[in-house]
Each structure stands twice: as structure tokens, then as C-alpha cells.
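Everything below concerns the one structure shown next.
So that you can tell them apart, the chains are marked A, B, C and D in the order they are listed, and the count of residues begins at 1 in each.
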Amino acid sequence: MMPSLNEYLMVSGLLFAIGFAGVLMRRNIIIIFMCLEMMLSAANLSLVAFWRFGNGQGMPAQGYDAQVLVFFVIAVAAAEVAVGLAIIVALFRARCTVHVEDLNSMKG
Amino acid sequence: MTIIDLIIIIPILAAVAIGCGGSARVLALAAAWANLLLGLVVFVTLVAKGGDEMHFKSSWVLLHSPELTLGFAVDGMSGVLVLLTVIVTFCAVRVSSGDLGKGSGKLYYISLLLIAAGALGAFCATDLFFFYAFHELALIPTFLMIGIYGNGREKVATAWKITIYLGVGSLILLGGLIALYVSLSPPGAPTFDIAKLAPSPGEHPLSAEVQKWIFLPLLVGFGILVSLFPFHSWAAPAYAAAPTPVAMLHAGVLKKFGLYGMLRVAMPLLPEGFEAWKGLLLVLLLGNILYVGLVTISQRYLDRMIGNSSVMHMGYIFLGIACCNSIGWGGAVLMMFAHGISIALLFALCGSLRERLDTLEISRLGGLGGSMPFLAVTFGFAAFASIGLPGFANFASEITIFFAAFKDAGEMGILQVATILALWGVVISAVYMLRAYRSIFQGELIGERYPADLAQSMRLPVVLMIVILLLTGFFPNIILKLLPNLFEVL
Amino acid sequence: MSIAFIILLLPLVAAASILLGIRKKANLSAYVSVASAGICFLLTLGLIRGSGGEAGAFTWLSVGGLELKIALEITGLTRGMILVVTLVGLLVHIFSLGYMRDDAGKARYFAGLSLFMFSMSGIVLADNFAMMFIFWELVGVSSYLLIGHWFQKNSAAEASKKAFLVNRIGDFGFMAGILLLWGATGEIGFSALRETLEVQTFDPSLLNWAMICIFCGAVGKSAQVPLHVWLPDAMEGPTPVSALIHAATMVAAGVFMLTKVTFLIIAAPVAASVIQHVGALTALLAALMATQQSDIKKILAYSTLSQLGYMVMAVGFAGFLHSGEAVGAVASNAGFFHLYTHAFFKALLFLGAGAVIYACHHEQDIWKMGGLIRLMPVTAITFLIGTAALAGLPPLSGFWSKDAVMAVTQNSTPLLIVGAITAFLTAFYMSRLCTIVFFGKARSQAAREAGEVPLMMRAPLVILALGAVIAGFEFAYGWFIAPADLPHPHGALPLVLTIIGVAGIVTGYLLHRGREKDPIRVEVLVRKFYIDEFYLFLVRVFQDGVAYLAKAVDQLLIDGLIVRGSARLTVGVGLLLRGLQGGNLQRHVFLFGVGIVIVIYLITIALG
Amino acid sequence: MSLLFYIFSGVMLVFGLLVVVNRNPVSSALSLVVSFMGLAALFITLNAYFIGVIQILVYTGAVMVLFLFIIMLLDIKSEQCRKLNYVAMGGGVMIVLAFVAQLTMILAGYAPGKQRLVELPGDAAVHQDVKRVGEALFTHFNFHLQLLGVLLLIATIGVVVLSRRQGEGN
């Protein structure tokens, strides 16, 4: 018996929740970064799911805009990871730590 | 360009000239002299022409849609107050010779002149906007003067306190004025001009209820500016901490702005509004006279005591205003004039005392009458003037206000009861003033030093003020002729 | 400028010129002041013979419906009073020339005296309440200046302050009364008031209250019972001042005002009875207190108080309802007649005391004097004449005026008894004073070397003694009160009074002959019924206590709560907000998460 | 078909959880790779073959390799478990649970979600979605593509600037 749209959305929601939990609880900035990627891909999943169930009877929607959007999201995520990691490297070299508590110089 | 515009512009020009390099004291003195003479000229012409309608009218229309004109005009009442301002400014500038320890005193004289200009502008402005704006002009220099040139330990804290307090007061007042402007200006052309806003005597566009709620912010706003009973706590410490000329100007002149506002703006435009709050005002002014009177008695420092006594005398002026008849209002204006001069005189003498003695604590002073005869005599005059001895202007105004309260009052209404209680204030003021005079100037000499008598430069302003007080005391009609039927006119 | 105005303004001109111009040259200012007093006296003689009526008016203050005028009015009583004021004033001026010859503040003293003459004649000549009130306060100030003449002395400074404040309390009542009257009738002129009272009828309680308040003014000025504490202390001032102010003129102002307002007293029977009883009480208490004093001037002060009590009681009887109809003006005339005669012999007594003090090098305690009759015959004899007149022995003026007063008091027997007791006490303490000071032997070195005072001081004594003798006879007072207007005692009253007087003198002499100190010492009388202590307590508790409380409340409530409270509030909110910008990354994400949950929740509600 | 769906989503979620729970960053990176593989499989079940392949290529291939590379470069030791801030953990868990609860509540009420997946008819099973996406990309979204190119260029420049040694460095 075929899976329904709700199941897909539930799965992507869970994945997003896990990613979010990771960002919230972990101290290590690398791990936070990974969880961030998970949250992004969860969003992609729900996008594609909505495209697939586009016309309401289980058939995909007409245009392929969803896929193009997902494509763009992935591209941007890649760019973001690149810049993010560069920052982490620079940060590491400056502060020799990756733990978030020590990095609070932006205090108000 | 009438004389009135000249009087207002001269201090501002002098301040600017001092700003860009003129020698501070000379320019300030010149401006003060010029203003004094012009003030006299204005006064004389007013006496000649009678004080009922506006003279020296001049106006520049700045805006048309909400009709806004920078206009000045003087009738009997503002003429008297202009004269008061001019005299007190002259004496303040003369008196301020000694204080200039710190710096060249440029800022000192500039702010002094700005306060004077602010007061003058406020008294002559014909429309609400500039009436309010000029008062604000005078607020900031007071803060600077108290903060920088003040004396006493917590002068900066007091400077902050007075500025915030008056700021809040002006805000509340602004609220009231805006409400007034919005509700009263004729439907077609919204205007700030007080004359146009005044309703024709017959019908009144606003219902009594609306008037009541517009009158409240005006009353509270003016109350704060004039240190009415619950809002008086800023006055005494501020005057104690302020340098002498600022205390003279602020207590003597600026505080009259609130009262002038009541008579010029609040009362004529919202007659029913006042009726609604009459009971409250009476209670507050009794608080002023009796409560603050008692506080004055318990004061230990002379400058604090004089500050409180000026707060107390405000109660009488409010009583005059509350009588709502031309005797009361005439008496109130005369009281403003008399109180302005006598308080300025007291602060001038208190300032010179502060220079000579290290402390102004009454209990630690004694028997200075012997070593400072001139100061003792002049302080005696000032003390007796302020407690309302016949022969001085204060008494003339006090007796007018008391008679006004009892004008054809068959039975004892609340106003009459309030007046009897206020009458007791006369005794209270005698108590604290004589107690201070007795312990400072009479009895054996406490402390070993023999302080020198009043400086020569101070003698002229002090004598001038005493002569004016005596003159208006013996012949109050000079002033009163200008305001024969104030109530009907406004 | 009618004569009355000149009499009024001349002393003011003198005082002003002394203060401004010739302050430096003491003698010149003294002579100027004496000259002005002299001229005023001569003018008064001229004025008295002239016709009465309006003497010109000057509008002092007019605004709205209010018209306050400085107007002068010469009625019968005024002529008598102005004579007393100017005559006694002149004599005191001449006496002070000698008394104050070597005083440092001589110019200031004479300026004060002239100022006093100005304000006193203002009260006497006033034609309306407002003007009278103005000069009422001016008299208070000039007595403040004169009592506090030697202001270096703490006691003098305290006494002058006390005098002024007590007077001020009296003025408060006086002003309240005037306002009440003005409110009801709209008039303040005496004649105008009289007419309106005859024409309209006003609600009696208002009239009674107004009269009581006005009487309160008289109580303050004439030192009646509740407000009498300042008179004994006022002896701190130089003796001529006491003679002028605290014997003849100023304290009499209260009684004079009451006589001018008799038509009001008649219209206010309740107030009239209050006046009578206060007067009687004052007379009795003062006489009792006088018996135990040891300072010569204090004794005379209390005797003045007691005599004033008599006058007030007499005037009070004007409103007494004698079988339905008020006794009327005859009573106030009796009071005024007593005032008239009393001015002479009391001034004489005070100046005599001044002479004695001057002779004994400023010694005021009677127990340090003695046997002065041999050393100062003229002063002694004049003093004895004065004492006899005060005690009410027949030929002298005191007898006539006291009889007039007692004749009026016959209407109510209790007050008659009080009057008789007081008469006895008066005779008693005066003879006590005379026996101690003049007879027996000198009790101190100063008393032994006392010599007669110079002519300048003796002359006024003789003149006043003459006045004390003849003032009682009809030709001396006839020109301002018709003899018919005076009440005539019926029955054996005059005889009884004379016997009481003689008895008082004899007992006084017997008890105090050759004694070193008071035979009987009644502590309560010496301490003046502890009234002073009670007032001090009252002042301390009410005034300073409440004032301190007010200051505390002022500091805490208004300052602390409203002003500082709002300041602290804003600072607190600021701190709270700052916490949100913490550098901690976790917290940012956490808040981000909270934001998401809330938004979703809201959306569901909105859609749901 | 639904069996496959449950397998792949199970793999994805479990390994996702492992990423978060793991102490050692390397093992969490690897578990992330596996999780992305599961995700790509899900894309395939949704007939989005192009996206599935891209997911594998870009994410798992490039991004995770980069992560591993950085982890090795910075030699980040596994976390000596520093004091765990229980309050923050607790707060975090609370928020996530609240989020999941809201999700389930919404999906329960979401009617269109009930529709079942329908097999694509005949040749549609192998419908050239890559061609169609390419067409859409280069015709309709051409401008966006160029923009994306510029973005990537800037990212690379940024990375170069950031990782340049500041002088001889600290």
C-alpha cells in the first residue's frame, strides 16, 4: 500500500526536529553545522513531497518548479557550507576552540 | 518691529554676541540696562493707554494651514510681568559678579540671558505654540547653570531632578494645549492664536464635561511648573543648589509663567472646566500654604527655607486666581509682581551671605547684625516684605486677594473657608522668617569671624528692589490701574 | 492737605529722613524726631478745637469692585485719643533724650519712635477697617523694632520676636473678622457700616462670629488673656518705650478700636458677653500675677494688663442686654474715659520707674532698691501721685474713671465682685511696690548713691503728674465726651470703692515695711500660671513636631516615591532588556525556537 | 512500495539521531552521510530522480567530504564531556517536543495529506524528469541560474579571503 503525503511530511518534520535539537543542544560548532544541513534537506524533502502529490490524486504537479527550487536550495547550502567552514577555520586559528560558550564576545 | 520685539530680541542678540567673542559681563550688563529702560517705556505707555486691550501688536505669519504666527502683544497683565522680568534680570546680571570663579563665564551669561529671553517671549506671545516654545527655551539653560555653576554637594542630581520634573510638567501641559488647540480652533482654519481660540462669551463650543477633561492636564501641567502642592518637591532643593542669579530669575520670574498661563489660557478658554476642578485646586493650594509652610518652618538651611517660602506664596496667587473676579485676578497679578521682586531680593541677599559665610545653616549663624549692618537692614526689609507687612507690595496684593475671596459672600462657602485657613499662612510665614532673621542677625555673635558687609556692586540692585517694593506698596494703584477689570476682559 | 494728614505724615517723614539721611548724626536725628512730635502735639491742640467730620481721603487701592481708601475721620473719641497719643508721645520723646543719651543705636531708636507715632496716629484717625488694619500691623512692627532695640541681647531679640508673632496671631483674627463683615455687608467704612446695620438685618450668628474675630484682634494688640504673654517680656525694650507703647497708646489701641465699633457690639450680644468675661478674667489674673513680681517694670506691665481688662470689660457691657435693650454707647464711653485717665498716670508710673532705673544704674529688681524718697524726692512724689490715682483715691482721675467703669459693671453682680477684688489687688501691689522702692532703707550700693535724674527727665514726670490729677475732672474731658454720656454710679458704690482702695494700700504697706523679701511666695503666681511654659509646649508639639513630620513626609513620600521611584523604574526596565542581548549562542537559538512554536500556535488559532 | 518507504525513512531518522548523539565528530559526520543516502532514496521513491542524484552528488559527495576534511584538519578531539548544561538541554528538548506535537496535531487535521501515492502510468515511470527540469531551469529560471553562478563565485572568493593567513599569524 503506497505511502501518503502526510507520512512524507511527518518524516521531514521529524528530520527537521532532530536537526533543530542538534543545533540547540550540541556545543561543537561543526556538529551544529551538520544539523543545520539536515534541517535544510528536511525542507527539501517536504518540497519534493508536495510536488509529487501536486494535483491532489497522487500525481505530480505540472511544472517542475519545485525541483528547480530544491536545486537552488542545495546550491546555496553548498556555498553556505563552504563559507561557514572557512569561518570556522579562521575562528579556530584565532581562538583555538570550537566550543560555543567561549565565543560570546558579541555580548550586548 | 515694535518695542516688545526689541525687548525680546536684545537678550538673544547679546547672548549670540557673547557666544562669538564679546566680553561676557559688559554685553550682558548692556543688554540688561537696555531691557530695563525699554521695559519702563512699555510700562509707561501702557499706563497712559490703559491695560485692557493689546498694544504693540506685531506678528509674522509662518504657516497658513494651521495658522501659526510668531506674534507678540502686550496688555495690562503681560505688561506688568514684562516689567517684573526686566527688573529681575537687571538685578540678576548685576548680582552675578561674584560667582565667576570657574572659566570665563561665557556660558554663564549666555544661559542667563536665554532664561530672560525665554520668560519675556512667553509673557508676550500671542499664540499657544510660541507661548510654550519660549518657556522651553528657558528650561535648558537652567539645567546647565545649576549643573555647572551650582553649589552644594548634589547639585548635578538636583539639576537632573528639576529638569526631568519640569520636562514632565511641560509634556503634560503640551498634551493639554494640543487638546485645546484641536477642540477649540474654529472648524475651518485650525489656529494657534489665543485670541481666535477664545470662545465668544455667549455659547461655548465644548460641553462642560469635555472642558473638564481638557482643563485637568492644563491644571496639572501648570501646577508642576508652578510647584503646586503635590508637585513642589523639585523647587526648594533646586533653588538652594542654583547659583544666585538663576534662583532669582527662576523663582522670581519663570514660576510666574504657569500662573500667567492659567490666567491667559486655561481660565478664559475653559470657564466650566475650572468650575469642575475648583474644589481640588483649593485643597491643593491649602496644601501649598499650610503644608509647605510647616515644612519651611522645619528647614535648617536658609536657602532651602527661602525656596520653600516661595513655593508657599504660590498658594496665595492660586487663591487669587480661584476667586474668579477681577479683584482676585488683579490681586493675583500684583502678587506675582510683588512676590517676584521680594523673592529675587531674598535670594540675592542669601547668595551674598553664602559667599561670606561657609555655611547657611541657621542654627550655626548668629549675631551678624553688628558686623553687617547694611545687609541686616536690607534683609530685614526683604523679610518683612515677604511676610506681608503693610507698606510693601506683598501686603497690598494679599489684602486684595483676601477681599476678593469674600466679595459679596453672604454665607461661608468653600472658598471662604479656604481663605480663612490660608489666612493662617500669614502667621506661619511670620514665624519662619522672623525665626531666621532673629537667629542670623540678632543675639550674640556665634563663630569668631566678622564677615564683611554687602559689596558695593550688590548695593544698587538690592536698594533698587527695595525701593520698587516700597513704591508699589505705598501706591499699588500704579500697577492696579493697568488691570481694573481683568476678569471681564479675559 | 488737612491738619490731620500732617499729623499723620510728619512722623513718617521724620523716620524716613533719619533712616536715609541723617543716620550718622545721632543727636540731629533725635532732635528731628522730638521736633516732629512737638509739632504734632501743637497741631492736635488746633485740631481738637476745630470742627469734626471728614478730613480728606486718598484712594490707596482700587481694582475691580474693591475701593480701599486712606481716609481720616475726626469724631469725639478720636480727638481725645489723638491728644493722648501726641501728648504722651511728646513727653516720652523728651524723656528719651535724657534716657538714651549715651546709647549706641540712638538714631535707630528715634526712627523707631517716629515710625510708632506715625502708625499710632494712623490707627486713631482711621475711618475704615482696612486702613485701621494696615496701621494695626505697622504698630506691631514698630513695637517689634523698639522692643528689639538692643538686639545684641538674646532676651531682647526673643522678646521682640514673641511680641510680633503674638500680635500677628491677633491680626489673623482681626483680618478674618473684617473679611466676614465685608463679605456680608460689602462695606468696610465705620460710618457706612453703621448705616447698613441700621437699615438691613443680618443673620445674628454671622455678626457674632465677625465681632468675636475682630475682638480677637483687640485681644492680640491689648494683650488680653490668651495672648497676653508678650507684654511682660516686652519690658526688654528701653523704659520710655514701655511707657509710650505698653502703657498709654499701643495697648490702648485695642480698646479704642472696640469703642469705635460699639454699634457692632450692640448688634452682637453674644460677642459682647465674651468680651466682658475676657476683660474681667484678664483684670483678675493680671492683678494676681502682679502681686508676686520682683521686677519694677514687670509689675507695671501686669498692672497695665489689669487696667486694660477693666476697659475691655466696660466696653463689652455696651452689648449687655439690660432688660431687653442694650446698655449702649454709655458703657464704651466709660471704658474710653478710663483709658484716657489711665494713659496719664500709667505713663507717669513707667517714666518714674525709668527714672528710678536710670538712677540706680539700670537696676530693675525692686528688692535691690529702697529708701529712694530721700534721694529722689521729685520722682518719688510724682510716682506716689500716680499710685494714688491708679488705686482710685477720690480727688484723682483714677477715682472718677474707675467709678464710671464700675457703674457700668453694676449690671452684672459676678463681674462687679471680680472688679472689686481686682481694685483691692491693684491698690495692694502698687503700695507694695512703693513701700519697697521708696520707703525703708536702701538695700544695695547702687540704691544708696542714686541721685535725682536730670531736669530733662523730671519735667515730663511733673507734667504727667499734673495730668493725672486733673484728668478726672469734667473740664479736662468734657470737650470730647459729654458728661451726660458717662454712667453715674448709684448707691454707695463710690464710697465702697474708696474704702477698698485705702484697705489695699494699708495692707500693702504693713506687709512689706522693712522686709528683705516677699512675705508669702505663691509659686503659681510667680511663674505666671505656667502659661508661658504651656505655650512653649504647644508650639514645640504642634509647630515643630508637625513641621518635622511634614518634612519627613515631603522627603519620603513625594520625593522618594514619585520622583525617585519613576527613575528607578526606568533603570530597572533597562537592565532587564540588556539581559536579552547576551552573547550566548544557545540562548539565541532557544529564543528562535520559542518564536517558531509561538508563531505556529498563533497560525493554528488564526486558521482554526 | 510502502515497505521501502519505511525502511529508507527509518534509516534516515536513526542516523540523523546518531549525528546528534555521537561524541566523536567523525562518526557523527559519517552517520550524516548515511542519513543523506536514505534521504536520496526517498527522493527516488517520489520519482524525483534528478534531485536524488544531485542530493547524493552535492550533499553527500561534496559537503560531507568537506566536513570530514575540516574535522581532520582541525584535529578536533572528541568532546571530553564538559559540564552538561542541563537547563539548556532540558529547554532544547522541551522546544523540540512542542514542535513535534504541533506538527502531528496539524498533520492530523490536514485533509489533502490523506491522498495515497499513485504509480506513474506506463512510460511516465521513466519520464525524462532530468530533461524537463533542465528545460525549466534554462528557459524559465535562466536569470536565477546566472545569479546562482555569481553567488557561488562570491562564496569561493570569500573562502579564499577568509582562510588566508593574517600575516605570520598568532
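Going forward, a contact is a pair of C-beta atoms (placed from the backbone, for glycine too) under 8 Å apart; a residue touches a chain by one contact, two chains touch by 3 or more.
Just so it is clear, the model here is predicted, and its values are computed rather than measured.
Contact analysis places A-D first among chain pairs (by count of C-beta pairs in contact). If each chain is reduced to the average of its C-alpha atoms, the one that sits nearest the average of all protein C-alpha atoms is B.
Centre-to-centre spacing of chain B and chain D amounts to 77 Å, using the average Cα coordinate of each chain.
One inter-chain figure worth recording: chain A and chain B are separated by 71 Å, centre to centre, where each centre is the mean of the chain's CA atoms.
Chain C and chain D, compared by their mean Cα positions, are separated by 106 Å. Between the CA-based centres of chain B and chain C the separation comes to 36 Å, rounded to the whole angstrom.
In chain C, the positions touching at least two other chains are 586, 590, 593.
For chain A, residues touching at least two other chains, in rising order: 20, 24.
For chain D, residues touching at least two other chains, in rising order: 88, 91-92, 95-96, 99. An unclassified topology is adopted by the chain contact network, corresponding to no line, ring, star or complete arrangement. Chain pairs that touch one another, listed by label: A-C, A-D, B-C, C-D. Contact residues of chain D toward chain C in the complex are 85, 88, 91-92, 95-96, 98-99, 102, 105-106. Interface of chain C with chain A (complex): residues 578, 580-586, 589-590, 593.
On the side of chain A, the complex with chain D involves touching residues 1-11, 13-15, 17-22, 24-28, 30-31, 33-35, 37-38, 41, 44-45, 48-49, 51-53, 56-60, 63-65, 67-68, 70-72, 74-83, 85-90, 92-94, 98-99. By the touch rule above, chain C contacts chain D in their complex via residues 586, 590, 593-594, 596-597, 600-601, 604.
Contact residues of chain C toward chain B in the complex are 59-66, 68, 130, 133-135, 137-138, 141, 148, 151-154, 156-158, 161, 164-165, 168-169, 171-172, 175-176, 179-180, 182-184, 186, 203, 206, 543-544, 546-548, 550-551, 554, 558-559, 562-563, 567.
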